[in-house]
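Note that the chains are named A, B, C, D, E and F in the order they appear, and that numbering of residues resets to 1 at the start of each chain.
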Amino acid sequence: MIGHALLFAYGCFSLALLFCLYRVVFAPGLSDRVLALDTMAINMIALLTLFGIDKGTTMYFEASLMFAMVGFISTVAYAKFVLRGDIIE
Amino acid sequence: MIAEIIVSVLLVLGGFFGLVGSYGLVKLPDPMTRLHAPTKSATLGVGAVLVASLIWFPARHGVLTWHELLITLFLFLTAPVTGYFIAKAHMHLGWSRDDLPRPAPGKDWATFCDPDKESLVDRQPGD
Amino acid sequence: MSHLIIAPVVLPAVIGPLIILWMRHDLLLQRVFSVAATAALAGVALYLNLLAAGGEVQVYRLGNWAAPFGIVLMLDRLAALMLLLTALLALAVQLYAMGSGWDRKGRHFHALWQFQLMGVCGAFLTGDAFNLFVFFEILLIASYGLMIHGGGEMRLRAGVQYIAYNLAGSTLFLAALGVLYSVTGTLNMADMALRVAAMPAEDTALLRVGAVLLMLVFAIKAALVPLHFWLPSTYANAPGPVAALFAIMTKVGVYGIIRFFTLVFPQDAVTQSVVADLLLPAALFTLAIGQVGILGTRHLGRLAAFAAIGSIGTLMIAVAQFTPQGTSAAVYYLVHSTLAAGALFLVMDMIGARRGDLWLRLDRVMPGNGLVAALYFVAAIAVVGMPPFSGFVGKLLVMQATGGAPAMVWIWAIILITSLVAIYALSRAGTILFWKSFELGLAPAPPAAAAAGPKLEPDEPVQDLGDAPANWLAVASVVLLLSGIVALTAFAGPAMRLAEATAAQLHDPDAYVSAVLEGQEGTK
Amino acid sequence: MIRRLFPHPWLSFTLALVWMALVNRWAVGSLVFAAMIGVVVPLVTAPYWPGTNGYRAPSRIPAYLAMVLWDIAKANFTVARIVLFMPRRALRPAWIAVPLELRHPEAITALAATITLTPGTVSCDLSEDGRALLVHAMHAPDPDAVLDEIKTRYEARLKEIFE
Amino acid sequence: MELLLSSAIGMLTAAGVYLILRRRSFAVVLGMTMLSYAINLFLFSTGRLVVNAPPVLRDGAASYTDPLPQALVLTAIVISFGMTAVVVMMALGAFLEGGDDRVDMPRADRLPADSLSADRMSGDGDA
Amino acid sequence: MSPALIAALPFIGALLPGLLIRSGRDVAAISCATATFIALLGLCLHIPAVMAGEVVTARFEWLPSLGLNANFRIDGLGLLFGILILGIGLLIIAYARHYLSRQDPAGVFYTYLMLFQGAMLGIVLSDNILLLLVFWELTSLSSFLLIGYWKHLPEGRQGARMALTVTGMGGLAMIAGMLILGNIAGSFDITDILQAREAIQASPYYLPALLLILLGAFTKSAQFPFHFWLPHAMAAPTPVSAYLHSATMVKAGLFLMARLWPVLSGTPEWFYIVATTGLATMVLAAWIAIFRDDLKSLLAFSTVSHLGLITMLLGFGTEAAAVAAVFHIVNHATFKAALFMTAGIIDHEAGTRSIARLGGLRRLMPITFVIGTLAALSMAGIPPLNGFLSKELMLEQATHAAWQGHPGLVAATATLGALFSVCYSLRFVWQVFLGPERQDYPHRPHDPGFGLWSAPALLAVLVVLIGLFPDSMAGWLVAASASAVTGTAQHPHLALWHGVTPALMLSAVALAGGVALLALNRRLLALRAAMAWPEAKAIFDAITRAVTCAAGFLTDRLTNGSMARAFAAFSLTVVLCGLWAFSTGGWQGATRPMLPIQPVPLVGWVLLMVATCCMVAFHRRRILALVLVGIIGLMVSVSFIYLSAPDLALTQISVEVVTVVLLLLALNFLPKFTVIESPDRKRGLDAFIATLTGLGFGALAYVIMRSDFAFSPISEYMLANSYKLGGGDNVVNVILVDFRGYDTFGEITVLGIAALTIFALTETLLAGATGRRLRNWVHDSRRAGDRHPLMLVVVTRLVLPIALVVGLYIFLRGHNMPGGGFVAGLVVSVALVSQYMASGFAWAQERQKINYHALIGAGVIAAGLTGIGAWFAGLPFLTSTYGYVKLPGLEEFELASAMGFDLGVFLCVVGAVMLALNSLSRIARTAGETVNLHPMDIDPSKEARR
């Protein structure tokens, strides 16, 4: 059962990634792209966690944490860039 | 067994919300509406998966890890900020102040106010 | 095992940070410590030469790991010689940098200088292929910093090209190392040599790719045609003393080719033809394009840069023979061309400081015309390889070493014809610079208005270069380099004996290999 | 002394918890280390927390969190329904200016975060005097109801906690 | 799997090369980034591919991913980061000094500004 | 005195003027003269030995492995030339002392002169052809300096360069010739080569060697068609012309032919090349000389002609001809040097050298008249002067020579040459000294002081004496010298009167014809004008100009500063070479099975490929491109995780974010769009190159992944020993900090240097024009109102300490789990960056003054000290150790010395990243960013408290 659930989740998040990619490429403005990138990072974390459950290892936790951090920092950086030009004022 | 069911449900739920969040990104008509989908759904989606993992490891491998909780908390802590910033960026790029309600007569939203306004500028470099 | 083997790396690696930590606001302290460190480096290098003169290859096993698992430093005659050459060049040029005031036109000159030395010395010492990459990167990144020292539009633009091109080169280096590891499963050069030798003939395709990519990597550093495009603008726009120090940088590429293609892919290996077939034509083109460039340019910096390219061509002709005779000629010529190119760049910088720019055109008589002219004359003779200096000896050696080669006619013809072009070009430049100016009948030029680049310490009196047409330190530095050339000429016999012993050691890699892989008791 | 050592006791506690969660091992050594971190890291970062002081009723935080979590879960179903089934034309997005009674930056942040994480609303901006919050609602046929819910359900409680 | 990885490497390389050929420093930086991705993957692949291997030593594990290329890639990542930082800064400097971000050297690098007034020059044999 | 010392003396003398110049011109001249005199004396001491047929040698090893040795020899030939060089040199030194004006730097002149003298003496005393080459080229260089001595004169510069180029060309050819010759003979020593006649003439390389050596000799001795440089060298001061271009340097070519005469001559090749060239040169140059208006030019062409004469004699290849050649060398040196000095005196005193402006000097300058006339008549071959004697010998030899079986041809042509010679010699006397006195000389001419006329007078005396008493005056020298040339003992009988011989008849014809020709002077001029030949200098100039322009064009086009071209060449070279190397080697085909492709990685792959394609397609929209780079980086990291390399993923992703921050900081100032610069065709080509490279690299990766290691990789040892010897479970980390810690040491140094470079560049930029421009910067787009939004500030307050804790955690566990100093450093840096983004760099920096320079320095030093620490245990640099420590009350934990190293890594990374970001943000702050006093712009609580 867990296997099927995993497979389903894998599929969902993979598809989600493709949706995000679509939005990154075809977007009216930068804010949409940044949003999509951020969402991508989150989906990636989910995939990593799934992978950890699948392989029975907690070794990928740091990577997930890093992804979360990266998503946050780069989103803020892009947004600040749009808003102010200079991200570290 | 119970744990497995719970985990499976959480996984399915997580996958569903993750997908919906990203689908919303594609489907919803305008950028501001699109912002709603991922800030919540994706967060909950990944949250569900993380909780599933949190349950799964002690149940299956007998090791309790709190790492997933940390990640979840981190995401919940930061998601509003990213949403806030993306919204601001979008307002800055795509909205005129006249299309928005005013906070108070004579006042403006921070994004639209004059950056060189006296109250905001503390000092020039070299002071 | 002497710990001094690693001193050429550790010494600058400690002095550099110390300068940053404690001396970054005090130029005098920086100068004192930096020169002292370079002088100490020269001393260490001298000692290491004595150590290597015994003919035994010295091994230093870093981390006490057994080879081929850890990184080893290897000291043989070639490495020791290159270290000494580096230290002496650096010492002389450093004096120039101080004398001419270049070191105060930006931040961190001395720290970067030390890091540059660290990189170069590390590259010469290492016995590990990937570690060579790391030290290439150190010397490159320090060179980026030094290259743009003092700033200015052209210099920065040239710097961007320089970095971009070398980044691509570094990428290629990694690719080559990856290929070699994927076949041999090792990174230790001696171990790799053993494995390459044991490679079955029907399975050499990847190995050959690795060898040829590696050669291209070194060819970039050495500025062999058609991978030379990065050099002219870089060297022409680099500060004079930095360009002079860079004379050793192209030699790092040459060193790499000599090292790898005598040790890992020697004459009899299946990979050798890959290199030998490509290297000689490239060297001939390099020589031709370099020497023609001397005539074809109107910028003194580029002129010196093309001269450097040309000398690499000559050098690689000798290397490409892959015979003991060719290699010994190459070693001799390498020392000569390093000193000569260094001197030429410094002289060009002196001219630039006195004339305000480096364009080859009619201008007023510069201050100290006679002295600069004399230095130019000697440096130019050395560069074009006319007697009585070592360039001539080196040219003879190279020609003699290629005497029986199948392509002898081509080699000799190109060497001689391009020499003529260079002689004409340098005499033309010299007459314009030092003689024609008298035709204007004007008084000597006033001190150069503003030395290039900003001055960062307004409180410190920065002497204008024009005020001191013959800053004794700067002149002494050029004279030092030129006297090195004279010494190399006068003691050509002993020098050549050293070169021959070096070549003999290089062409007998078994001793090197066994020094690394045998006698490893007491290691982890 | 204690005040100097623990400029932000809640932070110290949180960091100690974070450390324990990270090492994921209940041992004396880890606890000692966690305690050390609880002291050192807030001290190191204290300069970045000028002028923050204690809250009025921190004990009410868990209850508030629980409520918000529940709202989040609910919100997701709402949003999922809208995303999947609501035709584009039927969407009624709206901008809502929420006048604030909260004054503490932490409190305002908490409110804004709550709004973002809960049903169909995202907090978008603050007014230039910090006295109003701009909220965007994804589908709000009746903006005043949303405003009302924010004021009563969240802001009031946060005011109790913080001020 | 090998096919996927090698095609990705090829694609990244091609993209990198194409961008570097684009004559503007920002494109060159992007191209360098692409190339460094490609080379990192390539270098990693020289240890051959293994999936599902434990990343650290573990009792009873049958196989590991070759750790040496990984260490090399790590070093390469760090170094190329340093290099990228410098090239970005230098490109910015060149732009600020020169007013454009072309990577080609201008004519003024090879020819003097007054190269048209040949009387002051000595390009010919007479000097 | 050792021959080596004799050769060295002039060089020692060259140093003296420089050292003594402050003591005055006389001292300089005397010191040079002394050195020359001592050398001459030393040479003369060897006369008895040489006359006895001995060869005096001195040998020093210089470069034995090449065969280049400082071997000197004095035989008859060397003696003859040595005496000429030093003897005339002495006279020139005296003459120049009076000739040079006060404005001319005499010290420099004497230095150059002595350098030249030394080089010349070196040539004639060398017993090693490579050593000879050294001196040979030195004469070119020193004559370059002498010809260009008057640097303000364009003629001097051009003449000097022309001389250097032409003789340099010859010298270069000679290098090749000499190397071939030496390799045939098996030695470069002349003594040995002279023994190897048969081997040399039988060798297939004889002709190339001969041609190359003769090219050197002919250019130096100004033989046709290389004769043109000599007249232009006359721009030199007259002492130089007298010395170099009559007596010595131009004779170096002759010397060389004479020196190698025993081994090279006697073959038809030798005869036809050398004799023909000599003959042609003799006639042609003499013909030209008739029409020269400039005295020195006339003398120059006459010199060329006489050199041709001697060359022809040497070319005949007979011993008698060789004797004649040697004798004429002596004679020519005496009369021609005297003539040059005379011309110099006239120039000096009358102020012009133009024949057209001279005439009638007989009464005004009687002494000069006598000297000049004697020398000129000797040049014309009028008895009883010495020129007559050697000309007679020449004509006699010419009657014996047959050219292609035509016996009279050579003699007739030689006579024609002699006839021309008579003509221009008499013209010299006639039009300068005789004729009516004029009123329009630039200066009023009168005889110079003794100092100036003594030297030519001495030579004129010699002209007469040798003519009258040839055997006693010069016979011995000629005999010794000719013996040395021919290699057999020669006892020539030199006499004024040989009876009525065919040579005498020809002589008479030449004399009569010459006089007649002079009478026809005006018609000749018309004839000359009618057959206007192209001027040799114009041709030379055209060639050099063309070569220079071609070189300029080629260089400019080839290295045109185009980065794209450089990189295209790079890519193509790499791909083609790699392809060639692969295809010429053997590959056994795929030996490893493929891993199955699973759907999730496939999605990742699609993402990566699509993102890359889009990135290329949209690269001109820079921010979009950056976002896409972010996706690609994310995918690369994820693929590392999938392929069981978490360390790589951590590093890649954290580097990624810092890079994005960096690029955004830069992009703030850079244009936001890339303009299209290449035409479609060019872009198509670029795409082709890119595709080719991509295919090549991808294929290489594929081949590698499908092939097995040929040998077991060394990493197996590392896996086996990581825990046992390195004390860590994370093999990657153990490799980084232990097995290959030295690499990591280098790597952090790179990072540190990068940051320092960025910092230094920023300083330089801000101190210069960029700084001024930035201070007036106007942002091109509208900017949002608040810089430090409240929400970000509040959240960062929580994120920063948590991130620090996470960084610490990653640092500590690195040895056993993925992580380590590097990733930890990046995490902490990212955390700090978030703080800076929230409240601004300046504000944050003010709160917590972290000295990033110090961090970098401390990091590198910490890592270095960890390595050095091992020295105290007698172990190599970076030898690590580890142990398990138990503190009371706590459980055991591991302490590895490698952690100290990792700490260095950590510090360096934080310092470097932050210094780089700081530098970039300083640029923005210079561009008018304000610095805030408060952490956030809008803080309602402030008002509440107020």
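In the analysis below, a residue touches a chain if its C-beta (ideal position, glycine included) is under 8 Å from a C-beta of that chain, and two chains touch if they have at least 3 such contacts.
Just so it is clear, the structure is predicted and the values come from calculations on it, not from any experiment.
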Chains touching both chain C and chain F, listed by label:
E
By that same contact rule, can you tell me which chains touch chain B and chain D alike?
F
Does A-E or D-F have more contacting C-beta pairs?
D-F
Would you identify the chain whose Cα-based centre sits farthest away from the centre of chain A?
F
Reference chain C; chain at largest CA-centroid distance:
D
Using mean C-alpha positions as chain centres, tell me how far chain B is from chain F in Å, no decimals.
67
Rounded to a whole Å, what is the gap between the Cα centroids of chain C and chain D?
61
Report the inter-chain centroid distance for chain D and chain E in whole angstrom, where each centroid is the mean of the CA atoms.
43
Could you put a whole-Å number on the gap between the CA centroids of chain B and chain C?
55
Residue numbers of chain D (touch at least two other chains)
18, 22, 109, 112-113, 126, 128-129, 131
Spell out, as numbers or ranges, the residues of chain C touching 2 or more other chains.
130, 134, 137, 141, 144-145, 148, 151-152, 156, 161, 164, 168, 175, 178-179, 181-182, 187, 233, 297-298, 428, 431, 436
Touching at least 2 other chains, the residues of chain B are 16, 21, 23, 35, 43, 65, 67, 70, 74, 77-78, 80-81, 84-85, 87-88, 92, 108-111, 113, 115, 117
Between which chains does touch occur?
A-B, A-E, A-F, B-D, B-F, C-E, C-F, D-F, E-F
Listed in rising order, chain B residues that touch chain D in their complex are 16-17, 20-21, 23-24, 27-30, 32-33, 35-37, 39-41, 43-44, 64-67, 69-70, 76-77, 79-81, 83-84, 87-88, 91, 99-104, 107-111, 113, 117, 119
Per the touch rule above, chain D residues touching chain F in the complex are 11, 14-15, 18-19, 22-23, 27-29, 32, 37, 41-42, 44-45, 47-52, 100, 102-106, 108-109, 112-113, 126, 128-131
Sites on chain B touched by chain A in the complex
4-5, 7-9, 11-12, 14-16, 18-19, 21-23, 25-26, 31, 34-35, 38, 42-43, 45-46, 49-50, 52-53, 56-57, 60-61, 63, 65, 67-68, 70-71, 74-75, 78, 81-82, 85-90, 92-94, 111, 115
So, in the complex, the side of chain D touching chain B is made of residues 18, 20-22, 24, 72-73, 75-76, 79-80, 83-84, 88, 91, 93, 95-97, 99, 109, 112-113, 115-118, 120-129, 131-132, 134, 136, 138
Contacting residues of chain A [partner chain B, same complex]
1-2, 4-6, 8-13, 15-17, 19-20, 22-23, 28-32, 34-36, 38-39, 42-43, 45-46, 49-50, 52-53, 56, 58, 61, 64-65, 68-69, 71-72, 75-76, 78-80, 82-84
